[in-house]
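Both of the next two complexes hold subunit A, though its partner changes from subunit B to subunit C.
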Partner chain A sequence: MRHVTAVRIGPIGFRIGSHWRGPIAAIEDLYAGYPAPDDGIPDFNVHLFAARPWRRVLRPSVHIGGDFVIPDAAPLPLAQGLLAAEMGMNLQMALGLRRYLLLHASAVERDGRAVLMTGISGAGKSTLAALLMARGWRLMGDEFVLIDPATGLAHAFPRLISLKNEGIPVAEQAVPQGRFGPMLLGTPKGTLRHLVPDARAVSAMAEPAEPALLLFPRFGFEAAERAVLPSEAFVRLTQSSTNYVNLAERGFEALTRLVRSVPSRAIDYPDAETAVGMVEALA
Partner chain B sequence: MIRYRAAPPSTLRVFPLDALTLIYHRASGITHVVDAPVPEILEALGDDALTSPALLARLAERFDLADPDPMALAVRLDELAAAGLVERLCAM
Partner chain C sequence: MNPAMLLAAVLRDPARAEGLTAPEWTALFAVARAEQLIGTLAHRIDGLAMPPAAARLVKDAIASAEQGRTAALWEAEMARRALAPLDMPVVLLKGTAYAAAGLSPSVGRAIGDLDILVPRERVEEAETALLAAGWEWVKPDPYDDLYYRQWMHELPPLIHRDRDKMIDVHHTVLPLTARITPDAAAMLADSIALENGLRILSPQDMVCHAAAHLFADGDLAGGMRNLWDIHCLLGEFGFDGLAARAARHGLGSAVARAARQANRLYGTPIPETWRVWDSMDPLFVRRLTARDGWGRSTRKLVQLGFYLRSHWLRMPPLMLARHLWTKYRKGHRPT
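Our next item is the complex of A and B:
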């Protein structure tokens, strides 16, 4: 492809090729502080392409491809090319990762202890991760946590923090010095804005951490908290893992070890500030 | 009469958690989340091939069954056979 860049996020290297300069320029700008893939060899390829040659210029729409693809995925307008690149990287992780058990969760670390926060889209994972980062936690990731089946340790995947809708002003206020990407309007998930993880999150991204707390946050409710049994945590985490089945017995071992050794809590919260207080009290 | 035998122990990873027990079935790659009496049934079967009444008698010896219902046990055994955790042997 004509425009190409490569970046390493946590232990995973990506090569992104595009028919257009725009998405590559945006990725290179926002991932400027990130290293290249180890030995220059990426784990995954992402392709951003026009379905027909004339669609490169005429109402350009970006199709997402790569080593792993979802057939018939809807393309995005070129103005959302950065989002297309991010979605392409997420897709490779979700469909192709075999080295780690992948949990759809955000994670922060302090003193070597990682707090993993899973939950459905809209539970506030990204906003919460950004706020905790602003309060001095090391951001490990706002979307994926990688559990090493051999060690049980959590590995970071600090991609750009993907803020959505009402989470955007909250994070802008909490991280006034932060580097933000362009405001992306009218995306499939509403308004979207990326926040670059701070320098510490990037420089420490190769350092794994011991999982210390599993949290199941839920946004939009009165503040409440309850213990979650290991069996419930197990079932919920299999649902939030995209490769549990693919890892077979290694996945079973990694997940049983995690839920047996790490306490789990469910928290309901009415706003992000309250949630930050609850997380810090529990961690 | 149909006899039942548990899947070979080498094909199962049984992992008791709290109220529930996880069973990873190597032959199918499927994880089962089960409640009582499933782990008890598998354990009572052991290496033997038992008919449903024989198994019920063995369970009654080991546990204080409030309501030993042969039909309920037969239904459980058929579910376990469908899941692959128990094998159905037809008498010839």
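Our next item is the complex of A and C:
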């Protein structure tokens, strides 16, 4: 591949190759404060490539490849090359990770205690994580939390925070001094803008934390809160894990241990400010 | 060194892994993943001195392969239960057979679909029983479905609706349209029963089947893994009676080529009389090792040649023309 970069996010190293300079330059810029993969050996490879040679220049469209791929994934326009790289890395995690139980959740930490927030797309995971980061929490990640089956500890995966649609202005206002990526219009998920995790999130990313609270937030409702039984939390988390089935017994044991040892709450919220207050009251 | 050749060299002599540079490790793992050999590689180099990041990947791959093995054996048990009432011989093929019999290719091996061989005259009974037990058809296209039923050596693939695992039910070894017609009845007759009632092929037939699959069918995609199977099987079973058995199935040249290629790539010991290289052998090596340091396939022209060869082997010219035209109109293109 013509343009190459490598980065470590939490415990996972990536090598990203591209036919075009653009996506690599964007990754190098936004991940400038991140270390390289341990020992120079990445865990996963991502390739951004043109399906036909002339498509490198003529209406360039970026196909996402790597060690693990889904067949027939739709390509993205070159202007969204950064998103393609991020999607490529997420895909490797979702399909290839076996070292940790992967939960589709955001997480923040204070005093060694981690709050895990999970929910469907649009529940506000990323926005809440960004706001809590702005209020002094250590951001562990806005997309994936990695549970070590051996210890039960949560490991951070602080990739770029991926803000979507109405979450963008909320975060821009809450983190005025934050470093933001370019505004990406018309992506498959609408308008998208990345926020670089703060220096603390990056410098502490190798430190795991004890899970202390599981939250199931839901945006767009009157403020409400209820306890969630371990059984319900278990089922919902199996649905938000991409490698639970592949980890088999290790996955089952890690997940049952998590839902048994950590309290779970579901919260509904009408706006981000209310949500942040609710989270901080619970944690 | 070509990264696929590096993978072959390390599989052949694991000590080669000591002293690899970071870019070499990176390429090695990328190619091993692409060729579905990462579990095999991991077992070969486990315990050697290596950077911690490489050791982590090795540990992950070993755990992953072990889980794959458990799942594959469970899938075989599910098929056994579904087919048991029919009281027909059910022969496990390829990865699941190696795992069930504890043969050396199974160490760290990735196992994809469950492949079984049943008597041709009873294949419909088997299909009915599997459908009743929760397997469903995958191919929605009537042309593909009819094509399988009329011309292939296996039923259209079935997938289990709960476990999402595929089963290929074979009634012979090569497509019915191929020029070579192995004696599937003899393979069934000489198969060996395992403790649970499922069967595996006899040692010689196992080699014949692996060689047929790799060199008399298909375009050699993912061939390094299949050739590693052959390397292990030849090491385990030797060459006694192999030439005669291969000749009986019409697979003499496929088995001979398999032995030569295994010798070339993995250093498999082969008898002096088998070392008769033909002019095509170098091209096969080029096809088998067509990977770059990212694990992406390379040498598109060589690949296209083997793609065309696979179809040429599989069917007579007129039928081939009709088939390719139909597939083209449906939007299929060789990669």
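A few notes on this one:
Note that the second predicted complex is superposed on the first by the 283 of 283 C-alpha atoms of A that agree within 3 Å, B and C clash if a C-alpha of one lies under 4 Å from a C-alpha of the other, contacts with A are read in each partner's own complex, and residues count from 1 in each chain.
Following the convention adopted for this analysis, a residue touches a chain if its C-beta (ideal position, glycine included) is under 8 Å from a C-beta of that chain, and two chains touch if they have at least 3 such contacts.
What you are looking at is a predicted structure, and each value in this text was computed from that prediction instead of being measured.
With both structures placed on the common chain, the touch criterion links A:G17 to subunit C but leaves subunit B unconnected. Contact with subunit C, but none with subunit B, is seen for A:R98 once the two complexes are overlaid on the shared chain.
By the touch criterion defined above, A:R260 reaches subunit B but does not reach subunit C. Taking subunit A as the reference chain, the count of touched residues is higher for C when subunit B and subunit C are set side by side.
In the superposition on chain A, A:P42 makes contact with subunit C only, not with subunit B.
Applying the stated contact rule after C-alpha superposition, one finds that A:A248 touches each of subunit B and subunit C.
Of the two partner chains placed by the overlay, only subunit C lies in contact with A:G65; subunit B stays clear of it. When both complexes are overlaid on chain A, the residue A:A227 reaches neither subunit B nor subunit C. Put simply, subunit A uses residues 248 to touch subunit B in one complex and subunit C in the other.
For subunit C in complex with subunit A, the touching residues are 22-23, 25-26, 29-30, 33-34, 51-54, 56-57, 59-60, 63-64, 67, 70-71, 294-296.
Residues 13, 15, 17-20, 22, 24, 26, 29, 31, 33 of subunit B touch subunit A in their complex.
The residues of subunit A lying in touch with subunit B in their complex are 229-231, 234-235, 238, 245, 248-249, 252, 256, 259-260.
Interface residues of subunit A facing subunit C in the complex, by the touch rule stated above, are 1, 13, 15, 17, 37-43, 45, 47, 65, 67, 98-99, 246-248, 250.
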